[in-house]
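Next up: the structures, one after another.
Each of the next two complexes has subunit A plus one other chain: subunit B in the first, subunit C in the second.
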Partner chain A sequence: MATTTVDERPREASAPRAKRKESRYSFEARMMTPALLVLALLSIFPFVYLILMSLSAVGLIGGISLDFVGLDNWTRLFTDSAVGASWLRSVVYFILTVGLEMGLGIAIALLVHELVWGKNIALSLILMPMFMAPVIVGLLGRFLTDSTYGLYAWVLRETGLYSGDILGTTTAAFLAVTLMDVWQWTPLIALIVLAGLASVPGQILEAAKVDGATYLQRLRHIVLPTIAGVIIVALLIRSMDAIRYFDIITNTTNGGPADATKIVPIRLYETGFRFFDLGYAAAIGLSMLAVSILLANVFLRILKRRGLAR
Partner chain B sequence: MAGAGSAALWLGGCGGSSNTAKPVPGDEWKQFAGTTLNFISENTAPTSAIAAKLDPFTKLTGIEIKITQLELAAMVQKVALDFASGEGAYQIVYADPYQVMAPYNQALADLTEFQQDPNLPHAEPFDDFVSFQLDASGRFGDREKLFALPYDAPTMIWMYRKDLFEKYGEQMKQDLGFDPNPRDDSTWDDFYKTSEWLKKNADKTGVPYGHGHMAKQHDSLMNDFSNLLWAYGGQYFEDDAKVGSLGSAEPGEPQLTSDEALAGADMYRKLVSIAHPASLGWDWTGLAEGFMAGGMAMAPLWHEFASGIEVSDIKGKVGYARLPRGPKRSANMFGGTGIGVNGVAPKREQKAAWLFVLWATQKDTQLANLKSKVGGGTPTRDSVYALPEVEKARKPPSKLPNMLPMDAVFEAWKPENVGLRPKIAAWNECDTTIFTQLSKMLAGQQGPEKCMSNTKEGFEKAIENAKKSLRRA
Partner chain C sequence: MKGGRIGTRVLLVVVLLWTVVPLAWMLISSFKPSDKLTASPPSLAFTPTLEHYRSLFGGANDIGGYIQNSLLAAGLSTIIAVALGCLAGYGLARSKFRGKDHLSFWIISTRMAPIAAVILPLFVIFRGAGLLGSTSGLVVAYLTFNLPFAIWIMNAFFADLPPSLEEAAMVDGASRWTAFRRIALPLVLPGIATTAVLCLVFSWNDYAFASTFSGPDSQTLPIAASQLVTQTEIDWGQLTAIGTIVVAPMIVVGLVVRRWLVTGLTLGAVTGE
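After this line comes the complex of A and B, so read on.
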């Protein structure tokens, strides 16, 4: 008897649970359907369309038409030396901007963190550039480096440091647009790192200090390991943005001189909206997307390894 | 009132996209009253002038015009996307002959249809337009169709500080062994030597550089260089005159590796090497600002900058001449554009847009533009230049500063002196190729030979791509 009772109970209990589970699943599906449809409309459809475009020659006159050309655009992409050169420039630009932003951002955050008074005012002033639209930063940069009336150009000329045209010579132009981006986005890194610094346990730092650890030792063995996850998140955010860098270059050099600042997004824009070679532009755009995803995965893997992401 | 009444009757029957009912005779201008049209234009002087004074058109037609002014590249992009959308949101289009008309002429309305329509008002005589401009700014491929009416006419000329030439001219003449003042037979070599002298004597003159260029990696660089290319006998294509004037779908093989083209490129490099160093970062606006700020004594510039120059710190101190000669000729880049009607727009809106095109290019409007304080521009009709007040304004003191360089511009417009870049479907890509390669040459990354052979290769690829697109279309 007892055996029968024991055997039946779970059956009786599991049957309604299975029913509930089924109905809950269908409820979730119903609730998610509108969101999924919107997502499909906003992301999946354009993404699929972009893939189709990359396999086609796109005609514009009389409405958009797709003429299937197979892998022509992709073959062209991997054999186009101009696009290859743009990728190389993008890599150099990426390393310079993200590297400088991370270094300066962490340094500024550490300095601000140590401030005893005036912390809020300092932080407000430091954060200002990142609240400006990138297009305005570009226009401001162009204005300040203009040979005729630019303040920076004048200072460099008068001090004898540089007498050429800042945006007219290859190295200077590349450095100028890099520094404009660094100026705008270093504050974001500082802000994120500053938030991370708040989580560093004060008692451990105190104890280390009492034990005679120097500032650099505390930084290396306590502070940086504690905020490593935050730094990687900051790195991830800036990296995703740096790959798509566009506004400032468009408003200053537009890729010149001698293609020195023509990184991949500028070439993509030129191919798509100046030559209207939309099929090829779609292939370039998808390659950028692939690189972004790859990079994001690298950072996420690092975060996972550190146990900071699931 | 009668007009308004008939317009109301007319509109009552206008539900669809086209209408064949005849307007009341004498009331052709009012037949589309109540329509709103969009005009997209590059941010140029005539459009600014028109935007500031649209009332006469609205009174005449009852049509509301909304104007969008953009930088040329942004405008071209919007126009192309509008053509692709099939909506025809911009019924009136600033039809740049090279970047809009050549690649997208199939999407522009043929204006001859409107001109022949008995129900529509007609343009003032077409032969009143400056002779070559109807072809250069309005046609593509053949003379049967007309896609735009000439609207503006900027032309590159030689601007120089005549105050310096008056003061130091004699000394320059002694040092250089020739008269440095612009003459009929002034050459680019003379220009180079004069610039060198001015640079060497900057302490004396107070102007740091002899001359400047608009040599940024931009459309401006192609314009600036083309003057030298043609002056030295080089050509973009075998029949540059035809390809530049009427345009062609089959321009033939690029001629950019000829000895003459190389000589032109070499001379251009030489000129830029002694020019104001900011030349490498200047487009036309940058160069004009540098010139007005007293940064240099001479510059090859669009003549329409005269309206700014004559109210700047150097007003009254500038002389204007056609550009120097090379071994072959003097070549002066013409940058004129027409306005046309979007062929994708509904037929009724196209007809209403035709009224605006007519009005904006007629004699009275061009005169009003010329006098406008916000605009300026340059008339494209001979009859405007023949007006006594306009003719008088060609000599200082002038109430119409854009007329001051006109003696030089008329010289530049002579068939033997005018410079017309190729009007081909692939021009956007060809233009980018040449200004990129030239920029590399000026940056010292390659010599003239490599620059020109790379450009030729780029042209061939671009033309091939354009042919494929046309075949598909």
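After this line comes the complex of A and C, so read on.
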């Protein structure tokens, strides 16, 4: 790398501005080239391939074969009520997980922000679940909710809240996988919002306090408006990742019981790798991709509006 | 006022319990004798044992190989992503050209692509290229999310750096490359560390790619964990032990770069302390 890029002449730095701009461009372009080439290979090629797959019947026996079937997979996608049900479930799962994570995350951030003593230790402890492999979160969740020896199942039974088989009952299983996701990702929201809280002007808060504004009034009229941008960033970051992952469900209910937790990525994976209906899975995948590209677009717009896109 | 303080403490205790109990339970269970693990009701009265850790290292299903595969796949993809990401991030931060927005958008949307949708074409391509079951296949798969992430984050860190420093060096006769290498790069070291840690965490924790692409010679730790779940029974002792092994190092490295995590995790949209 070094040998190919060190060919700028030192005197260039003092060259006229226009000339410097021009040579700058080429230096930057050369810096970006290796990464962009790799990224293009890793993204454009699979993307085009995914589109081709969605228009084909994909065979894996005796080498790979793509037999063009036109829009068959797509017409099937839009008439498949099972996939429709998965989308609906995904939307509910998404709203529940992301909604709870946002609400709890903001609350936890406000709580930790108030701390005078032990703030760092508290935050470190709160952040821990975020670094866990989702597989382990799922498997640990299974252990905790086992109806005979699970700690949480036992607590629920003893307190009279719930005594059934948690992961074996449709509604309970859905809530359980939701809460596992909430447990893992609420810390992320808390972390981001906490960073935003640092920018709330202290003097204004003090002044409001002196004037007799209650905590809730200060929250509503000073704190929340100041951190609104940060909250939206947190929401978008979390939303994009919420669509990406499905490890927790794979390792707990794997879509069951009775399809209760079969969100779109689980169905996609099953269609592709259990039934090997790869063409149809590709169509489902592209529809998911469309949603995430839409979200990325919104994210970038907000970044730009905040003057942060560079 | 006093009441508020007490309320805050009570709420904080609730939050800490909610967060820490599952992790603590995993750690404690990994030292429990097998018969106590499935006792009902769950109890904390037991003599600690290392039997589960011992059976993970050595015995029929030694996890040494899995650890090696995990380190290799996650480590290599991290190194490649960070190296290329530093170069491209700097180039992107210091350049102005038409279509830069489109380029940025393409990079970020690559990072945001749903894993299930990425696995599908990669599986067929890897199968054709003979990359299934190999560690290099996993490295490539992890680059699909680590590389765009590294470019984007390093771009954010470099953009925070005033170009005047490098310009001053260039007035003194340094080349562009020297200015980058000697001035800019050392100043974003925290950024590089954060990017590396997050890339490592993302790939070390991956399950979906590894479960689809890896074979007997390249299976990673999360796969070893999921394989302890069989139709007939689950060895919770080994499972909680392996869970602890998977999770502990990531929590440690993650907390080391805590100061810069916000910048990293919000893709540069929010800056921390």
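Convention: the second predicted complex is superposed on the first by the 257 of 310 C-alpha atoms of A that agree within 3 Å, B and C clash if a C-alpha of one lies under 4 Å from a C-alpha of the other, contacts with A are read in each partner's own complex, and residues count from 1 in each chain.
Note that a residue touches a chain if its C-beta (ideal position, glycine included) is under 8 Å from a C-beta of that chain, and two chains touch if they have at least 3 such contacts.
Since the structure is predicted, the reported quantities are computational estimates derived from the model, not experimental observations.
**Student:** Touch check for A:T170: first (subunit B), second (subunit C), both, or neither?
**Tutor:** It touches subunit B, and subunit C stays clear.
**Student:** Which partner does A:Y149 contact after superposing on A: first (subunit B), second (subunit C), both, neither?
**Tutor:** both
**Student:** Give one of first, second, both or neither to describe whether A:I64 is in contact with subunit B, with subunit C, with both, or with none.
**Tutor:** After superposition on chain A, A:I64 lies in contact with both partners, subunit B and subunit C.
**Student:** Of the two partners subunit B and subunit C, which one touches more residues belonging to subunit A?
**Tutor:** The partner that reaches more residues of subunit A in the superposed model: C.
**Student:** Examine A:F276 and indicate which partner it touches, taking first as subunit B and second as subunit C; both and neither are also allowed.
**Tutor:** The first partner, subunit B, only.
**Student:** Let me test your reading of the model: by the given contact rule, A:L50 touches which partner, first (subunit B), second (subunit C), both or neither?
**Tutor:** Only subunit C; A:L50 stays clear of subunit B.
**Student:** After the superposition on A, what does A:L139 contact: first (subunit B), second (subunit C), both or neither?
**Tutor:** second
**Student:** Once chain A of both complexes is superposed, is A:A258 in touch with subunit B (first), subunit C (second), both, or neither?
**Tutor:** Touch partner of A:A258: subunit B, not subunit C.
**Student:** Name the residues of subunit A shared by its contacts with subunit B and its contacts with subunit C.
**Tutor:** 60, 63-64, 148-149, 273
**Student:** Would you tell me which residues of subunit A are touching subunit B in their complex?
**Tutor:** Result: residues 57, 59-65, 67, 146-149, 163-170, 173, 253-260, 270, 273-277 of subunit A touch subunit B.
**Student:** Touching residues of subunit C toward subunit A in the complex: what are they?
**Tutor:** Touching subunit A: residues 4, 8, 11-12, 15-16, 18-23, 25-26, 29, 37-42, 84-85, 87-88, 90-95, 97, 101, 103-110, 112-125, 127-128, 140, 143-144, 147-148, 151, 155-156, 159, 167, 170-171, 173-178, 180-181, 201, 204-208, 211-212, 221-222, 225-226, 229, 234, 236, 239-240, 243, 246-247, 250-251, 253-255, 258, 261-262, 265-273 of subunit C.
**Student:** Okay, in this complex, where on subunit A does subunit C touch?
**Tutor:** Touching subunit C from subunit A are residues 1-2, 5-10, 12-14, 24-25, 27-32, 34-36, 38-39, 42-43, 45-47, 49-50, 53, 58, 60, 63-64, 108, 111-112, 114-115, 122-136, 139-144, 148-151, 154, 158, 183, 187-188, 191-192, 195-196, 198, 215, 230, 233-234, 237, 240, 243-247, 250-251, 264-265, 268-269, 272-273, 278, 281-282, 285-286, 288-289, 292-293, 295-297, 299-300, 302-304, 306, 308-310.
**Student:** Within their complex, state which residues of subunit B touch subunit A.
**Tutor:** Residue positions touching the partner: 73, 76-77, 80-81, 83-86, 103-104, 106-107, 215-218, 276-282, 286, 289-290, 293, 295, 344, 428-429, 432, 436, 439-440, 442-443, 445, 462, 465, 468-469, 472-473.
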